[in-house]
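Labels A, B, C, D, E and F are assigned to the chains in the order they are written; within every chain, residues are numbered from 1.
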Amino acid sequence: MDKVLLSHGGGGTMMERLIEEVFAKTFDNEYLNAMEDAALLFGNITLTTDSFTVKPIFFPGGDIGRLAVCGTVNDASMRGAKPLFLTCAFIIEEGYPIEELRRIVKSMAEAAEEAGVKIVAGDTKVVEKGGVDGIFINTSGIGVVYENADVSIKNARPGDVVLISGTIGDHGMAIMSAREELQFDPPILSDVSPLNKLIEKLMTLGKAVKVLRDPTRGGVAEVLYEISKMSGVGIKIYEDKLPVKASVKSACDLMGFDFLHLANEGKLIAVVDRKYADEALEIMKSDKYGKDAAIIGEVNDSKLVTIDTFYGTSRIIDRPIGELLPRIC
Amino acid sequence: MCIAVPSKAIKIEGKVAETELGGVIRRVSIEMVPDVKVGDYVMVYAGLAISVVDKEEAEMERELWEEVTEVLKDAANRND
Amino acid sequence: MQQTEMIKKAKEIIDILNPGMQFNIMEVCGSHTMAISKYGLRQILPKNIRLISGPGCPVCVTAQNEIDSVIELANKNVVIATFGDLIRVPGNKSSLQAERAAGKDVKVFYSPLDALEYAEKNPSKEVVFIGIGFETTIPTVAVTIKEAEEKNIKNYSVYCLHKTMPEALRALLEGGSKVQGFLLPGHVSAITGSKIYKFLAEEFGVGGVISGFEALDILMSIIMLLKNYKSPSIEIQYKRVVREEGNVEAQKIIEEIFEPCDSTWRGLGEIKGSGLKIKDKYKDFDAALKFDIKPIGEEIEIKGCRCGDVLKGNIYPNECPLFGRVCTSENPVGPCMVSSEGSCAAFYKYGA
Amino acid sequence: MDKVLLSHGGGGTMMERLIEEVFAKTFDNEYLNAMEDAALLFGNITLTTDSFTVKPIFFPGGDIGRLAVCGTVNDASMRGAKPLFLTCAFIIEEGYPIEELRRIVKSMAEAAEEAGVKIVAGDTKVVEKGGVDGIFINTSGIGVVYENADVSIKNARPGDVVLISGTIGDHGMAIMSAREELQFDPPILSDVSPLNKLIEKLMTLGKAVKVLRDPTRGGVAEVLYEISKMSGVGIKIYEDKLPVKASVKSACDLMGFDFLHLANEGKLIAVVDRKYADEALEIMKSDKYGKDAAIIGEVNDSKLVTIDTFYGTSRIIDRPIGELLPRIC
Amino acid sequence: MQQTEMIKKAKEIIDILNPGMQFNIMEVCGSHTMAISKYGLRQILPKNIRLISGPGCPVCVTAQNEIDSVIELANKNVVIATFGDLIRVPGNKSSLQAERAAGKDVKVFYSPLDALEYAEKNPSKEVVFIGIGFETTIPTVAVTIKEAEEKNIKNYSVYCLHKTMPEALRALLEGGSKVQGFLLPGHVSAITGSKIYKFLAEEFGVGGVISGFEALDILMSIIMLLKNYKSPSIEIQYKRVVREEGNVEAQKIIEEIFEPCDSTWRGLGEIKGSGLKIKDKYKDFDAALKFDIKPIGEEIEIKGCRCGDVLKGNIYPNECPLFGRVCTSENPVGPCMVSSEGSCAAFYKYGA
Amino acid sequence: MCIAVPSKAIKIEGKVAETELGGVIRRVSIEMVPDVKVGDYVMVYAGLAISVVDKEEAEMERELWEEVTEVLKDAANRND
């Protein structure tokens, strides 16, 4: 490992290693080591950060601005918290059209409005032509944990069930379609959305909600691996229960992708006490961003992340390495 | 070694066909399958149609399956 | 009938047809390898029926020194146009991934046709497509050379590392592989037709079924192999796609552009007539000539890597001492791990 | 204004306009409109964000890592707060040497240790070669306001005095020297430092501390203009009281810069109740980062930002526009 | 004596020497303009002694269509090498700043020598230095052309927009400017010597003092002007730097490389013999020839901008109707505002 | 128009001198001031030394100042 590779940023095993070896070991503190989507401070305040470098900047179903707000709103919520405040920091290439910048900022404002959060601090850097490709945005977010909540990546226990709030891989495929000039009819739109209202309702189930995680980079597969590792459990999902659009599946077949590796930006994985599984599913389905929610698996003590296939067999789920590459074999 | 998937030819223009698969539209070269007609399924590999899917044979494969299950029946009978 | 029910049926049939003795079926094609792992088909088969992976992953059989020569090419101020599959494959010192990170121009294309289009749109750049793969891939690459000639595109060439399948199978059997039947590659055969495999049955007494890639295709093909192994022949299960005569158009263009040459396969060594080179008539599109590049030096084995034995079907990946310890998907030692359809990768990813 | 220019990011009038017209109008809320270094949330929590894009990444006296920690530690402190937690988000160019990344991370950890803050959440993005020039870091920071503190950019009142904690322009000139291949003997080092310990001591003066601001981009001049505008006051500084290194002054003469426009990364401007001016100065001077502190001016009701020159005259201070350019005339 | 005390003394002397009538002193050099504003010297002078700015800011006098031609050059796939001063100057449609943002290669250099070094190190790039400025700048640029020739550097050239001072002063006085004395440029004169100004006193009866740039230099020069205005002559206050004969070496190299030509000054119009062009002998280094570029079309006045009157000393900047309203440092309308040493910029920045 | 500052020549190598000004070290061309010696101050403009500062004249300027202040004295006397 002597140079940073694209795969180090792709979500998956390469990234995990980079983070563990370079960042976690050096910064080493109980907050960071928790490996949560958001740190828990002062007992009930969540804090999270993410930079957004998506290409193209405007993609089917959204843009970098909406993504930057939703991504952090979602992460800030994933400890069972209500997100309240965001910061946003722009890095802009010299020569970037101000009109596009306005569109992005408007899109952020709308997403913030929808999520009910306020953008309270900002920063703007302009770097010389070629110093950055267009525009990057960082957002950090603060939330307040709901009363009676105890949500953590460490809380999954054998017997719990695993839910997803909707179809898998829409964002990743929307981006891919724009980059690889794949055409879809109807077009595949990114699912980029704020999930905090859905989570707010879900949190009425209190401690029955054990884990919340949004399957962004690395996709559903990576989140399952993270839960498995941090909770010390196994997870089994059912292939025939996975909600996925036919077109996303087709395109994956075409290019040799596993849709479990595709990024989602408006979905969450929840691990819930089995007794409340149906109730949780109902709550999800009642939300505008949870209509396609499904119970997709269960927690066991195998320590493995497996899938029950269509064929009545079971196999380990392929863990993403990093960069998603179209392939022919 | 070769991820090829069947797609339906929905438009043909010279050496190129527009194909559709589960909502995915792709332009593919049909130079190697000159007889392809709109409505046909082609196997597409790396942007090139390498074979037209034979509907009758697809049907036959299903029949073959039925036939093979006869083996099962026979065997079951034999075991009786 | 529902698919799951059909699978259940297939299992019952296989149990009935089970010859009892150890029955090795070699799936030649890497896509079969992946499909078998992904569908978990080994769990359906009785223990004595072993599915072993053959030399049908183009990345896996690409020799170490061939990769090195691609890296050398990347240093010649050209755009390396490649299938994504090749990006992470380590040569002796580097990989395309590392070269790209070091600033070399390495571009991934889904199709060689896209690479040609890119060359056409960027006339100031020298675009070299890295031709790896078997008979399925070869016509796609051939089409680009033909088109480049017709359109007089001067900045496109192909570095040809293609290999052909029959010679390798012959070498395997001559080397004494213990195989009771072949699961033959469906898409290679769509091009070649079935006749190229005749010698398997006729000379070596081993039967083969040209198979599709669905779970049921594969199970059906296994059933066909089990039924007929005593009177070995070459059959086609995947008739909806594969004709006996293959794709004649594709065969023609291959012959137009390429001619056979010797080629070194990782793990199998040099096999006479198992490679392709670009004919003299198209030498302007031959990157090997244009940039004076060839595989460098002797093929060096990677210490401890048993890819050769895996490719020959002598061992299962998890019998390699490096498997899962030193050799993982993130840090692959051998090409069978780095290729997404390598048998070691399949075992590592999917547990079997 | 149709394209983003380098000047829009340089601190100064162009940036002010971009922020007002594009960001502030759209995000419009009381927190952001306050135009403070850090937003004040829940009554006593400060939140701030900054992205760091400095070139060169390693510069005389520091590196991007130390800068990213100190910059946000300082901003989080500038409401009279004790900074406690940081997030950090990396954007890294494919191919960046991991060894350098390690050095940067180590430097961040050391700066965080020195400041007594914890890095509690992180993010890593890798973008393709050429998509970013080397490495950018965003940090966001959280602090807790000291009891009895009331520090705000709006609090300057006629009669108050203006202090600076040390020599002016060291960071800007250190960067410039590295970029323009200017040589200094002895070398000019960046002043990049965490000022939170100094501020902690200063805050024993309670409400006598009216304004705190670190003169980063746009330099001392820009901070004075911001205070003037937000507090609705005038400010006068004394040319003969400004602490500035001879070499910084010489290099400015050589290249046609005004040292009041140069960035500082380990200095603060404080506006203090006149009765406590000497005490504040003593406190600053007692700190390792305040040895060269000075009383440099006073607040008046002129609404102008002026300087009393060496020559017994007075003039308006040149406000920075944006990009600093070496010039010959 | 302390400096502040000396200043106080100077003020007293000036008050004593004050001739009572309106006494206009034109500081020709932009650096004097800036110094005067920065030091706040107007506050020291009695109201009737007015310091007015002349045509000595190279950016300010560069014609609109000259700027346009530089922009055109930027579009010819060359590296525009320029002093920082020129970056923000708007032409009719664009500025170098905007062109750079649009991806054109515009590089700021502190010295033309650095630009030449850059060209030498980047032989695949065409580097064009934009030569603006008066006699101080000209030798620096001349040296680069000489060196480029000696070192046979083929990818370096100069787009020559240089202007010379005496002809402009003559034009001003012929145009009827009411000036009682000139503060003459210290560094221009270090090259030219004092003799080029003789005609001011001899033909027009207006005296001048070649002045340094410290506050005391300027005040001393004003004192000298006041003392001697009745018997006008050309004196040197800045003797530590300026010799009567100037810098002979520099004069030689100017003559070696350049020859006079007509030139258009913003606000003053075309002035015979007030520009320089590269001699035929060095035509390989003349970007105007190499890239077939020249100022495009008629010089178009900017609506409302009274730069011309400002440059002629007819009005103070704050008498221009656009000043501070439409025309600001961030959004300059005319070149007197955009140049960091333009008189409008000086007034805007420093309040006077 | 011309920001030139005096710097001390601290080393001379052919056509180039290393100069120092308040700790700032710059290499400048001395082609136009061939007689410059180490220890001299030169006026540097855009990388080129355009003049050697004349120490005696600098002294004289100060004297000129003294002389001029005589005017003041005279005037003051006259006003008496």
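Criterion: a contact is a pair of C-beta atoms (placed from the backbone, for glycine too) under 8 Å apart; a residue touches a chain by one contact, two chains touch by 3 or more.
Remember, predicted model here, so these are calculated numbers, not experimental data.
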For this session: Hop across touching chains from chain B and tell me the fewest hops that reach chain D.
Result: 2
Problem set entry | Shortest contact path, chain C to chain F, counted in steps | 2
Problem set entry | Labels of chains that are neighbours to chain A and to chain F | D, E
Exercise. Does C-D or D-F have more contacting C-beta pairs?
Worked result: D-F
Problem set entry | Taking each chain's C-alpha mean as its centre, the one farthest from chain F | B
Problem set entry | chain D against chain A, contact positions shared by both copies (same if over half, else different) | same
Exercise. Per the centroid of Cα atoms for each chain, what is the distance between chain C and chain E, given in Å?
Worked result: 72
Exercise. Roughly how many whole angstrom separate the Cα centroids of chain A and chain C?
Worked result: 35
Exercise. Taking each chain's centre as the mean position of its Cα atoms, how many Å separate chain A from chain E?
Worked result: 59
Problem set entry | Residues of chain C touching at least two other chains | 30-31, 57-58, 83, 100-102, 110, 133, 137, 341
Exercise. By residue number and range, which residues of chain F touch two or more other chains?
Worked result: 1-3, 45-46
Seminar exercise, completed: Residue ranges of chain A touching at least 2 other chains are 3-7, 94-95, 256, 327-329
For this session: Go through the chains and record each pair that touches.
Result: A-B, A-C, A-D, A-E, B-C, C-D, D-E, D-F, E-F
Problem set entry | chain D-facing residues of chain E, complex | 3-4, 7-8, 30-31, 37-41, 43-44, 57-59, 83-85, 87-88, 97-98, 100-102, 108, 110, 133, 137, 215, 328-330, 339-341, 349-352
For this session: Report the residues of chain C in contact with chain B in the complex, numbered from low to high.
Result: 6, 9, 12-13, 16-17, 29-31, 56-58, 83, 110-114, 133-134, 136-137, 139-140, 143, 185-188, 190-191, 216, 220, 223, 227, 237-243, 247, 249-250, 253, 341
Seminar exercise, completed: Per the touch rule, the chain B residues reaching chain A in their complex are 1-3, 5, 20-26, 44-46
Exercise. Along chain A, where are the residues that touch chain D in the complex?
Worked result: 1-10, 15, 18-19, 22-23, 26-27, 29, 31-32, 38-39, 41, 45, 47-53, 55, 84-85, 87-99, 101-102, 105-106, 108-109, 112, 118-128, 130-133, 136, 138, 140, 142
Problem set entry | Interfacial residue positions of chain D with respect to chain C in the complex | 94-95, 129
